[in-house]
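Going by the order they are written in, the chains are A, B, C and D; count residues from 1 in each one.
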Amino acid sequence: MLYREAGDFKTSYASDNQTFPIRFDRAAYWVAIAAAFLVVPMVLGDYWANSIVIPFLIYVIAALGLNILIGYTGLLSLGTAAFMAVGAYATFKLTTAFPGMPIYIVFLLSGLVTSAVGVLFGLPSLKIKGFYLAVATLAAQFFLIWLFTRVEWFYNYSPTGQISMPERSMFGVIITGASASSTAVYFTCLIFTVAMAWLARNLTRGTMGRTWMAIRDMDIAAEIIGVNPLIAKLSSFAVSSFFVGVAGALTFGVYLGAAEAGEAFSINKSFLVLFMVIIGGLGSILGSFLGAAFLVVLPVLLKLMLVDGFGWPADLARHLEVMIIGALIIVVLIVEPHGMAALWRTIKEKLRLWPFPH
Amino acid sequence: MSDTVLFALEAGLNGLTVGIMYSLVALGFVLIFKASGIFNFAQGVMALFAALTLVGFQTGQVPFSHLINAIFGAHVSDFGFTMPAFLAIILTVVVMVLLALLIERLVLKHLVNQEPIILFMATIGLAYFLEGLGDIMWGAEVKRLDVGIPQGMSSWVDETTYNLFGYGFYIDTLSLWALLIAAVLVTGLVVFSQYTKQGRALRAVADDHQAALSVGISLRFIWVLTWSIAGIVALVAGIMWGSKSGVQFSLSLIALKALPVLILGGFTSIPGAIVGGLLIGVGEKLFDFFMQPVIGGATENWFAYMLALVFLLFRPQGLFGERIIERV
Amino acid sequence: MTTNAAQAALQSVPALLARNASQWGNLTAYREKEFGIWQSWTWKQAADEVRSMALGFLALGMAKGDHVAIIGRNRPALYWSMVAAQSVGAIPVALYQDAVAEEMAYVLEHCGARFAICGDQEQVDKVIEVQEKVSGIEQILYLDKRGMRKYDHGHMNWLEDVQSEGRAGQSRFEPELKKRTDALDYDSTCVMLYTSGTTGKPKGVVLSNRNIIETARASCEFDKLTYKDQILAYLPMAWVGDFIFSMGQAFWAGFCVNCPENATTMMSDLREIGPTYFFAPPRVFETMLTTVMIRMEDAGPSKKRMFDKYMAHARKVGGDILDGKPVSGGDKLKYRMGEMLVYGPLKNTLGLSNIRVAYTAGEAIGPEIFDFYRSLGINLKQLYGQTEASVFITQQPDGEVRSDTVGVPSPGVEVKIAESGEVFYRSPGVFVEYYKNPESTASTKDAEGWVATGDAGFFEEGTGHLRIIDRAKDVGKMADGSLFAPKYVENKLKFFPNILEAVVFGAGRDRCVAFINIDLTAVGNWAERNNIAYSSYQELAGHPRVLGMIQEHVEEVNASVAQDPMLSGCQIHRFLVLHKELDADDGEMTRTRKVRRNIVAEKFADLIAGLYDGAESVYTETEVSYEDGRKGALKATVQMRDAKVVPGQTQRIAAE
Amino acid sequence: MLDNTQDGYVTADGRQIGPVVLELKNITLRFGGVEAIKNISFDIRTGEIRAIIGPNGAGKSSMMNVISGFYVPQEGEIIYKGYKRAKMAPYQVARTGIARTFQNIALFEGMSVLDNIMTGRMNLMKSGFLSQAMWWGKASREEDEHREKVEKVIDFLEIQHIRKTPVARLPYGLKKRVELARALAAEPQILLLDEPMAGMNVEEKEDMSRFILDVNDEFGTTIVLIEHDMGVVMDLSDRVVVMDYGKKIGDGTPDEVRNNQDVIDAYLGVSHDE
């Protein structure tokens, strides 16, 4: 209904191949970007920033990373939280070891460190797939968390066993630490999220993305067209872990400020990100955004409604939330295995064909 | 005999007990995987749910009392009676069978032709759902479970070992019972699958899906059947674990441990599940015993997975599993 | 440069091209969907392509006055080859690409083409087949290289090779090319196009530069066409309309010609381009409307209700709003809502959003179809034209558009109605002659330049709009002397979506009978909804319920025909639904899908006899040709039905 | 008789067939105790259409899998372009210019037709990771260049109308064509077709035959095909290898093979379900 595509034709492959080939989508994208950079910071309060917007942005990055692994390459991982922890601890170690290093660089380096760890734990994927691989990633989850809580070097021998983020600034603005403003944190997360989404899109649209998807859809056929499965799978692990690591770095660096591996990066967080990817849509960049938004907003919404609205006990609301998420996963897998993104695609298709039904 | 060996022996024996828990959960996995190719992540939560339900029946709790209270402002908590363990167990079995029916009707039926990975993720969803449901139905606090299995230090073991080695092993009586019950359960399953019509159907399906379907075995019936059996196995595991350390959320985490057990034992082998569970139970205790001084404690958290990882790399089909040959 | 000098310089199509290349050098002149995107050429690039092609033609020895046959679907390179041929003083002759070999042989023989430029292997094969009979063709050029490697290239060239050769030999041929191009003037032949001709062999209509350029200029001014316009070139290149729209007007106004990827992607290509200027025969509009209605059938009830509601509103006020007539504020607002919810998206999905001017012609368009598009806000108009007139005879000015007239005389065209009712015209667009056919030329065009259209019509009192009744020669007399206008009745029948074609007989008889072709899409859909199983056209056509439905339509038409006192004798007394679809391959229709009445009458004489002698059904065998050229026989027992007529009127008129 | 010289021969319809490009020497392949291929040797010449025929279970597909590197024969050697081929993984074989299709279509169901065919050019694309991540310079330029090549293939196989359709939605016949397109996009020297016409109706078979001939004709691609439809095989191929129970029982032009007594026996004596 909203789309007006007559006369919107392509005269080059570059324009045919762009991320938003339809004029209307392109406009909507720029409006959203402008709103995120110009409007949101003006109206964003601390509560909304901390309970929704910032976690949302960070989870988007994590979900993008996991989606590259599961959605694009078809490799199941249950160790996302551990890799986030790697990013967080790398940030802690790097920034305490090199206090002068620009904090954004620290975040990126933390991503790279995670990347290396990810490749290490991805090695079994060459021999195994499916649930078997899930077990291997579980090993990463439990082993790494154990490492971070038991080996004192990782938390600089702090007596509490916690890591806490020192204050760091960029361009004269305090980004991390207790006195960082929520606007600074918001912009940091936004910049990273937009940049990472852009990276993800670029990597998935070209040869690399097709290599991954080929492995996902049919590994035998992928080999026959010359895909080296080793490189395809490990590169996916590397890229995915980079994203997850940056998300972990941001979680610790700008969002939590202090963390303990066993608590902040427990297996439940792995599942949460997994659910974001499933509900949002496997193999879809947009899906990572939708899934993260949904699962960040849902608990807040439930809490607002049940606890603040009806005066329910908080734990009851939380249990209901767990139940709803579980049921939703099942419903999504039954109704639309490709999640909200596919749902959106269907709606968009309908809008484009309007008034025709199909 | 040196003290170290004795202590290690004691730790290993204790590991055996934990191992049985793993085995029981893994058994549930294998049953479902064999019959339907579904990797049921919710098996551990089913044990938790069964244990919660059992305690609820035994103590006469009103299901959903928290929810009812929250919505209607009522103050219900229990019916004011207790139920004999025997009756409560039977009722819980009924609930587990109902649950199996519902799962088949509401979930599996709609996912018949999906890829295994989708089904796997659906069972993760199921696990979450059941976990939330259990908590909402019966409350989330840690509960004591007592169905009359003797507990506490087995003085017989203590005395015997003292007499033998001059050092009394601490073994929980419950562990001995667990061993016994697990043995009975496995024997029962074997008898069931060998000598009953349903059991034979089950084996037929496990051997060859297509062939079984073509001779008129209803897949849906088989699914309900296996999920029911898995539910009962989960109940047994829940009773054991609950009696030992109370019914609480951590119970569902053994489900995860069952994964490496399966890797060791093989996804399709019932003896494999049992042996794998025991191996891991003993192995992690021994590893922790010897390595604690070197790398610190709590290695049980990851030992099983790393062991599985090594297995995956060198013997992906597990100890007892069938070799997977891919055809082009 | 003075206006006269400028005018003088623009006396040929190549001259127009030169002007466009210098004036609009960087504007897009051509687009073609190929390899997934719209490949584009500016006027400058197009001029270069044409030049190298012309040079190449010289290298191949193309002489002044040679005829160059061009066969293929609409593609920029084929348009260029026309201009290139003109540039070297040769005469392009566009042929229908779906013509069977016999037809092609006749035309190639008749025009004596030395060169044949083919779109692809399929056309080359046809020409080679024809070459066994027609000796004139010396060189075959082809555009699409696919599958051509194995052919003997002794007298065959890839068009791009010709161009490279032309470029290579530029210095050698340049002066000759300049001489030949400069020699072109208003009276040199621009193009030769064969009329399909409802009877007899096709005639080669010779059109001069004057014909084409004057017509293009006048018609561009009439509709204010500019270089900003976009057109989709999808109608046969051999048809004069395509030549005027995609060559004459495009070159005059400098607008962009867009060629679809192939026939199957036409509709989606139309949507992508979203032309501003569009021509389609009524059949296309009709099919489009049928598809719209069929697709809407599957919509949910609330959406369907919304659609119906707003379409009803559009029918009420849409046409008036388009014509700028006063409409109440509330209606306007509601129309604006409809534009947002229904009309806008609908036009968008059809690819008609950007249309400024659309024309239909060739045959009468159903008033409902016509009004449907107008009510959506699409400026669809009618024109009346002929190959011999370089298309335009009459057309409808904006704001004076109706479905039952064909408009007022186009600028520069004089129209008169003869005593017999036949329409005559005279204009700068009037053709030079029929090639090698002075008798026909003389019988069509008199000494003063008046051309007989062969159609009967009259000017409406008051508005001055022309109304066409029928072919003049088809307007006959019935046995009782009353007027017999079959086309008039047939058109009324064809306005029913279920009826694809109708042929009415009755000249010299006491009453009329009709053959009906059902529309397989529409009736098929209806059958599906009513659970009527069928396996073929033939089976569906013979189904009693289909016959019943058609009977209702026929009777409705009878009632409507009875209203007109002059023509009420033309009511249909009996009819049948033909067991096969009338087909150009079987010679029953022209390539432009006009029914060849005599051939049909001859071929199905047994059926006509049956209709008149009151038989219930008649068994018949019909020869059909298949796509691959094989022939076969179709056997059927055709049911005949009586239709109610409105007797009172007839008698009253007869009594007068 | 063929003029079977070192440098090749000329076919009846005037095509020049070049020297031997791939030679299989005494190949034996075993699965456990079962011998799927028993000591088979034959060669493939540049530019020819070479068919492998035989009843079900004759070992044809195994042969193809040996050539494309999925199976490593226990005995024998493969000589490719004059050199003995080392043990290679399938993806390495692909990179030496051998592309193939599968009997049961092996397309990437989650991708569009265009993307599927683009994957065929994977080995020809060279842009680095960073360039791809930034979509800057080489990566985007390369994407467009290869798209152009892929579009030529799409045009060649007449699948323009389904370019952006997800493969999963296509009917069988078109999927087969897309798979051929993907193989072609790799610009292979040797194209292996495993039953390209299995499960097709007459019209689709005719189309596919035309495409195979056109590919061979236009690009000079050497084609090795397995096919059950004897009529098609005899029409298409220059030389035919006949296999039965893992053994080679005939090798030569279609006419020679047709008159070979062993072949006649195998086809008449052995019941098979074609």
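Please note the rule applied: a contact is a pair of C-beta atoms (placed from the backbone, for glycine too) under 8 Å apart; a residue touches a chain by one contact, two chains touch by 3 or more.
The model shown is predicted, which means the values in this text are computed figures rather than measured ones.
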{"item": "Chain pair that, of all pairs, has the most C-beta pairs in contact", "value": "A-B"}
{"item": "Longest centre-to-centre distance from chain D, chain (CA-based)", "value": "B"}
{"item": "Centre distance in Å when chain C and chain D are each reduced to the mean of their C-alpha atoms", "value": "47"}
{"item": "Gap in Å, rounded to a whole number, between the CA centres of chain C and chain B", "value": "77"}
{"item": "Centroid distance [mean C-alpha coordinates] between chain C and chain A, Å", "value": "58"}
{"item": "Between chain B and chain D, centroid-to-centroid distance (C-alpha), Å", "value": "51"}
{"item": "Touching two or more other chains - residues of chain D", "value": "70, 102, 147-148"}
{"item": "Where chain C touches two or more other chains at once, by residue number", "value": "36-37"}
{"item": "Where chain A touches two or more other chains at once, by residue number", "value": "12-13, 220"}
{"item": "Complex contact set, residues of chain C against chain D", "value": "34-37, 146-147, 149-150, 261-262, 264-265"}
{"item": "Chain A residues touching chain B - in the complex, by the definition given at the top", "value": "74, 76, 124, 127-128, 130-132, 134-136, 138-139, 141-143, 145-146, 149-151, 220, 267, 271, 274-275, 278, 306, 310-313, 315-316, 319-330, 333-334, 337"}
{"item": "Contact footprint of chain A on chain D as seen in their complex", "value": "68, 70, 89-91, 94-95, 99-100, 102, 106-111, 115, 118-120, 122-123, 125, 127, 129, 132-135, 139-140, 143-144, 147-148, 182-183, 186"}
{"item": "Residues of chain A touching chain C in the complex", "value": "1, 3-13, 15-16, 352-358"}
{"item": "Of all residues in chain C, those that touch chain A in their complex", "value": "31, 36-40, 230, 271-274, 292, 295-296, 298-300, 303, 306-307, 340-342, 344-349, 351-354"}
